[in-house]
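First chain A sits with chain B, and in the next complex the same chain sits with chain C.
What follows is the complex of A and B.
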C-alpha cells in the first residue's frame, strides 16, 4: 500500500507541476540521460578492441570510446562548434536549424490536435499530401512568373497550397470522427498509407520527371525555392522558412489562448462534457482542429519541398512521426514546441557529426538519442496519461469534496 | 469495557492539506454513531482511515481496545469492520445470494465448486437473524434501491463485520426507505453491532443516532448525545455560526409562460425511454419544482430542456420559440441559465482556473469575447465579481477550480449562471453535496431571482428543498409525472408515497415498501427493461387526464 501510495503521490505531483517545475524536471532528465548514456558509451568502449593510442583512460582503465567526445560532438557539433572560433553559418548549425524548421510545423500539427483531445497520427500523411500538392502547384505556377517576383509570389503560394491540401486531408478523419464516430488513431494511420501510396502512384506515373531515375517530380526552378539568406545555400536552410515557423508558433499560441475558437478547443480537449455544457459544438471543433492540424502538416510538406529537396520525391523522412515526440516533449504547448523541435534538430544533426568524428557505431548513437528523448519525454508522457486517469492529480480535491465524488475517488474497490 | 472503535489523535495529511487534524472518536459497542459535517470536513477521509484505505499520518486506530495498523481494507475486514459505500458495489446481473457470498463462497468437492445450496441457506439464515426483507434469488438489477442497500449490509455481515460504516446511506432513498433503513439499524444495534454513519443531514443524525460527532475543517468540534441536542445547535457546531434552517418562501407575481414542454419523450444512453410523455410549463416569477428519487428520468428531461440531449418526440418551447432542435449555444444565448447536476463533470473545467471557468458558456458572447477574441482582462474582472458577490473561497481568481471545495465550486457555478441575466434558470440539484451555509445562500439567491420575475425550473432529490422552494411541484416516477401538487398543501408523507410511484387515488397507502412491490410488478410484465417505466404504465393510462 505504501509503495503504491508513494507512486500515486509522485504521479499527482507530476500532474500538478507548475511550468517552471516542468522545465526543471526536463533539464534534470536531460542531465540524467547524458550520464547514463556516458556509462553505456564506456561499457561499449570496453567491449571493443582498439590500439592503445586510440584509447582514452579513465580511472586507470582504457576505453575505446570517449563519452566526453561523443556528447561534445552530439551537442556542440550540432551547433557548429560555437566556441571554437571558426563558427560558420554554412556549417552544421544550419543543418540543425533546417531540421528544426520542419519539426516545428509537424510538432505544432500534433500539438494542436492533442490540445483538442485528438491523437493525430496522420501528420506524416498530411505532410506527404501537402508536399506533393506544393510541388505540383508551384511547378504549374512557375511558368507564369519568374525572377525575384517569382520568389515573392511562389513561396506564399506554395505554403498556401500545401496548407490547403494538408488541411483537406486532415478534414477527412475529422469528418469521420464527427459523423461516423470513427476512432481518429485508426483512420489517420490508415490515411498515412493511402497518402504514401497515392503519391507513389502519381509520381511514378503521370507526374514523373522523365530525366530522373528516381520517383520524383520535375525540380522546381531556383526562384521558386526558399532563398538562402545569411546562411549559405549548401545546407538547404533558409532563415525565411524558420521565420515562418516562429510566426506559426506565435500564431497558434495566440489562437489557443486568446480566441473563442481556442477556448473551445482547449475545453473539448480537457473535459468534453463541460465543453458540451458550455455550448461548444463538439463536431465542429473536431473537424476544425483536425483541418487546422492537417494544414500545419501540409505546410511542413511545403517546407520540405521548397526548402530542402526542391522537388517532390517519394520516401519523405518521418518528420510527421517525430512531430508526435516533439509535441509530447513540449507538453503540447505551442511555445514549447519551438524548444523541443530545436532539441530534436540538434540530436538529428548531431548524430551525423558523431559518426564523422568518432568510431562509435551509429546504432549506439541511436541509443543515446533514444535515451535522451525517452528521459525528457517520459515525465510529460506520464502527465498526459495520468490526466486521463480519474482521480489523479490534486489529492486535496478528493478530500475537499464529500459524498459521491469523494467515495468514487477514495474507494479503491470502485470500478 | 473498551469501546468498539477508538480513533486516537488521527491526523491525515495530503500534500498541502490537512484532512483530519488530531481527531479523537470513541464509539461504544451496540450504538449508532453519526459523523456529521459539511463537505470537506473530513468525514469520509476519517472513515477511509478506519477502513484501511488510507494510512494515517499520525494517530492510532483501536478496535475493542487493541491497536491496529491497517494496510488495506482486507485487514480492516479481518477485525470486523465493514463499509457500505454510497455507490453500491454490487454486480447487477447476479443474484442477491451470489452478491453476498462473492469472494467467500461456501465450497464443495474439495473447493472445486461453489456450494450454492449452502450459500443460499447462509444468506437466508443471516437475513432471518436480523429480520431483513430480501429475496435471496432475485437479481440485483430487479430489486429496489432500498433492498440493494440491505444486500450491501448483509454482505458486510456475512464477512463477519461487527462495526458497519455507512457513507451517506440515505442519499438515494425515498423517505419511506429511509425509515426502513433506520429500523434495520435499530435491529442491528439491538443485536450488538456497532454503526457509524456519515451524513450531512441534521434530521437524520438526530433521528437515527445515539451519539453525534461533528467535524469541521478536519477537526472534531464536539460529540453530543442525540437526545440532548437540537438541529439548530448541531447546525451551529457544523458551520461555526448561526444558520437559518427555514427559507422564507414568500410569494411572487407570476406572469407569462417562459418555457413549456409538451409530450416530450427522451431516451437515455442505452436507448431506453427515460422520459415518457411529459408536459409542463414554467412562468415568470415562479419556481416549478420536480421531485423524485434519483434516476427516474429527471436528468434526461433536464438535458433535453437545456440542449444537451435531443428529445425523441415532443415540443420544447422557450420564449415562444420551439427550441427542441436548437443547439446548446443558441439556448444559452437566448437566456437560459443552467446549473448542472454534476459540477465536476459539466459545470466546471477542472483543469482551468476561475477566470477561464467564468467564461464557460460566454466564450462566444459579445461581452467577454467580441469578434472571436477573448478579452482576458474583462474575463478576469467578471470572475472576480462572481467570487466577490457569491462569497467563493478562497477569493482568488487564479485558483484552479479543482482546488476549491465542493460548496465553493457550486457557488461559483451558481454565480456564473445567475449573472447571465437569464429568463429561465434550470437548477438541477443546485445544493447537492453543498454545506448548510452555502445551501442557505443558494436558496436565497434563487428566490431573489424569482422575485425579479425569472422563471425557475428546479430539480432536486432533497424533498425539503423542492418542497420549500417550489410554487408548484411535480413528482416524477419512472419517467412520468405522477402528479403536480401545491407543495404547501402536501405533506412529506404524501410526497414520499408519490415519489415511490403510488398514484393519487390508488387508495391503499401502505407504507411497507410500495417501491419494491411496484418494481416487482413491472418486471413480470417486461423483463428486458428493468427499472423502467413499463410496470406502471397500465395504471398510468387510466389515471392520465
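What follows is the complex of A and C.
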C-alpha cells in the first residue's frame, strides 16, 4: 500500500467518522452560542439604564433588554418577517442574501486554506486589497465602455482584478511560509494591518475622490455595478452576484474533490508527511492554496465594491474574520460554507434590525462569532454532554490545526 | 544584543532533537545577523547624523538619542512584553496561546471599567488582571479539559474579546470608547532620573517597574525553581513529567492561568496609562498580542530575550510616532505600518523556531 493510498484511507476514515456528527456539532454550537448570547443580552440589560415602562420582567427581575425580542428580530427580522403576511423580496431578506454572498467568498477563502492545513487569517486583508484594486481597475475601464455592454464586460473584469490582486497578496504569506518557514497565522494577521494602512494611504491621497469628505475612491458608474434583478435596488443585493457565489461553491467543491490539485491540498492538510512522501510538492501546494485562498478573498472585496458600496471606502466591515466562523461552522466543506454563510448572513443582517428595534449594541454579533468558533472547536464537550443521553457513541474528531476536516460526500444539499 | 541570554539559554535547554544541526546553526546566525545589522545601522545612522545634522539622518539620530524616545519605547513595550511573558509560560508548558490579543483587549477594557466605578487606579488594574485570568481559564478548560485545537480556541478567545469589550463599552457608556479615568503618576528616582538618555529608566510609570520585576521573576521561575522545570517538562516531555508523579494537566492549567495574569497586567497597564479604552476597529490593542508572539519567538522563549526583542519593536514604534509628528516627507499612514512590516521580516529571518516538543498536542494521562 503506497503512502498515497494510506493518505487516501485516512481521509476516507475521517469522512465517514464525522460527517453527520460535524453537522450535529455545528448545530449544537450555534444553539449554545445563541443561548449564551441571550444570557449576555439579559446581563447587559441589567447594566444599562432605562425607564420602568421600557423594562421587561423575567423571574421577578427587571431587564432593559428582552432577549426574546432580540432574537425574534435577529432571526425573523433578517428573513424579512415571513410570518407577518406582507413579506417582500425588497425587504431585509435581500440584505441577508447580500451579506450571504460576500460571506460565501470569505468563507470559501478560509475553508480552502484550512483544507490545506493552513490558517489564513488574512482573508480580511486580501479582501481589502481586492476591493481597492477592483474599485480602481473598474473605474479606469469604465471610461472605455458603457451601457449594458459595459456591465457585461466590467463585472467579470472587476472580479478578475479583485481575484488577481487578492491572490497576489495571498501569495506573500504563502511564499514566506514555503521558503522562510514563517508562521502564516502571524504573517497573515500582520498583512491585514499592512493592507489597511496602505489602503488608507492611497485612498486618502492619490486616489481620493475630490468630491467626497470621506476617504473613498471616485464612485463607479451605475452600469459598472451588479444589476438589481428581481430584488429592490435599495438593499444593494444582486441575484447575479449570488449566482457567482453558488458557482464558486460548486467549483471549489469540484476542485477539492475531483482534481489532482484538490487531492494534493487535502492530503497536505490531513497528513503532510504522507503527502510529501507520496510525491506532493509541499512548497508548491502551500503557495498555490494561499494564492487561491487570497483570490477568493479578493473576489469578496470585488463583490463588496461592485454590489454593495459602489466605491472603495476605508473601514471595510470584518467579513474576513466572519469567514473564519463560516468556514469552521461548515467543517471547512465548500458545500457546507453555503449553509453556514446563510446562517451567518442572517446574524449580520439581523443585527441591524435588532439595532432598530432595541438598544442592544450591534457588537453582539461579534461576540457570537467568537463563541461559535469556540464551541465548534470543542467537540469533546458535546461528546461528554451526549454521553449523558444513552445511545450516543462515537467520538467526533476535533477541527484540527492540521486541517483535519471532514468532507461530506453523503449528498448534503446546498441551500 | 548578540550576547543576549536568549542565545545562551537555547544552549543549555539542551534537549534539542531537531533532525539537522544545520538548521540550528542557521538560526543562531540569523538571530546574530538581525542583532548585528540593527547595531551597525544604528551606529551608522548616529555617525551620519553627527556629520550631517540637517539631513534625514540627523533627524533620525536626534530621535534615537532622545530620552523621550527611550521613555516612549518603555511605555509601548509594557503591554507587548507582559503578553510575551504570558505567552512563554503557556507555550513552554505545551499550550500555544494565540489568544493573547484577546486577553489584552478584555483586560484593557475591564481595568478602565473597574477603575471608573471604584475610582481606584490599582483596583482597576486588579480588575483587568481578574478579567484576563477568567478568559484564560475558559481557554484552559476548552483546550486542556475539552481537548479543543489550541490555535482555533485561541482565535476564538481573540474574537470573543474583540466583540465583547466594545459591546460592554457600548452598553455601559453608549460608545465603544470609554470616558477617561484618572491615571497614576509616574515614579521618579531622584538623581538617577537626571542621567541623560538612560534617565528615562528611572522616571517611568509604575507599570514599567512592574514589567522589570515580571521579566526578572519569570526568568527566575524558569531557571531556578522546580515549577519552572515542570513547565518545561510539560511542554517538552509530558510523559516523563507524568512518570515523575507531577500532573501534566495541573501544570498546564497553572501555566495558562499565569499567562492570563501576565497578559492582564499588560492590558490593564495599556489602558490605564492612557486613562481610556478605545474599542473601534481592532481596538486600542491593535495587534500587540500578535506582536508579542513574534517577540517571544524571536527572544527564543527566554523572558529577557523576549523583553529585548519587545524593545526592538517598541523602539521602532516610538521612533515612528516621533517621526509622524516631526514629518520627514514619508506619509504618516506608511510610517505607521513599519512595526508590522518589521515583524514579518524578523519572522521570516528567524524562520522555524523550535517549538516545545509537545506544544499544541493534547496530553492524556495513561491510567
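Throughout what follows, the second predicted complex is superposed on the first by the 292 of 415 C-alpha atoms of A that agree within 3 Å, B and C clash if a C-alpha of one lies under 4 Å from a C-alpha of the other, contacts with A are read in each partner's own complex, and residues count from 1 in each chain.
Please note the rule applied: a contact is a pair of C-beta atoms (placed from the backbone, for glycine too) under 8 Å apart; a residue touches a chain by one contact, two chains touch by 3 or more.
Remember, predicted model here, so these are calculated numbers, not experimental data.
Undergrad: What is the contact status of A:193 with respect to chain B (first) and chain C (second): first, second, both, or neither?
TA: second
Undergrad: For A:374, decide between first (touching chain B), second (touching chain C), both and neither.
TA: second
Undergrad: Does chain B (first) or chain C (second) touch A:140, or do both, or does neither?
TA: After superposition on chain A, A:140 lies in contact with neither partner.
Undergrad: Tell me the contact category for A:58 with respect to chain B and chain C: first, second, both or neither.
TA: It touches nothing on chain B or chain C.
Undergrad: Is A:87 in contact with chain B, with chain C, with both, or with neither (first, second, both, neither)?
TA: Neither: A:87 stays clear of chain B and chain C.
Undergrad: So which bits of chain A does chain B touch that chain C touches too?
TA: 398-401
Undergrad: Residues of chain A touching chain B in their complex?
TA: 1-2, 5, 9, 12-13, 258-264, 267, 270-271, 273-281, 387, 393-408, 410-414
Undergrad: Going by the contact rule at the top, pick out the chain B residues touching chain A in the complex.
TA: 14-17, 19, 37-45, 48, 53-55, 71-73, 85-87, 89, 167-168, 171, 200, 308, 327-329, 331-333, 338, 340, 342, 344-352, 356, 359-361, 363-364, 369, 372-374, 376, 400, 402-406, 409, 432-433
Undergrad: Considering the complex alone, what residue numbers of chain A touch chain C?
TA: Listed in rising order, the residues are 40, 44, 47-48, 119, 121, 176, 180-183, 185-187, 189-191, 193-194, 197-198, 200-201, 204-205, 315, 321, 324-325, 328, 361, 363-371, 373-374, 376-378, 380-381, 384, 398-401.
Undergrad: Going by the contact rule set out above, which residues of chain C touch chain A in the complex?
TA: Counting only chain C, the residues touching chain A are 98, 142, 146-153, 155-164, 166-168, 170-172, 176, 281-282, 286-287, 290, 293-294, 331, 333-334, 336-337, 340-341, 343-344, 347-349, 351-352, 360.
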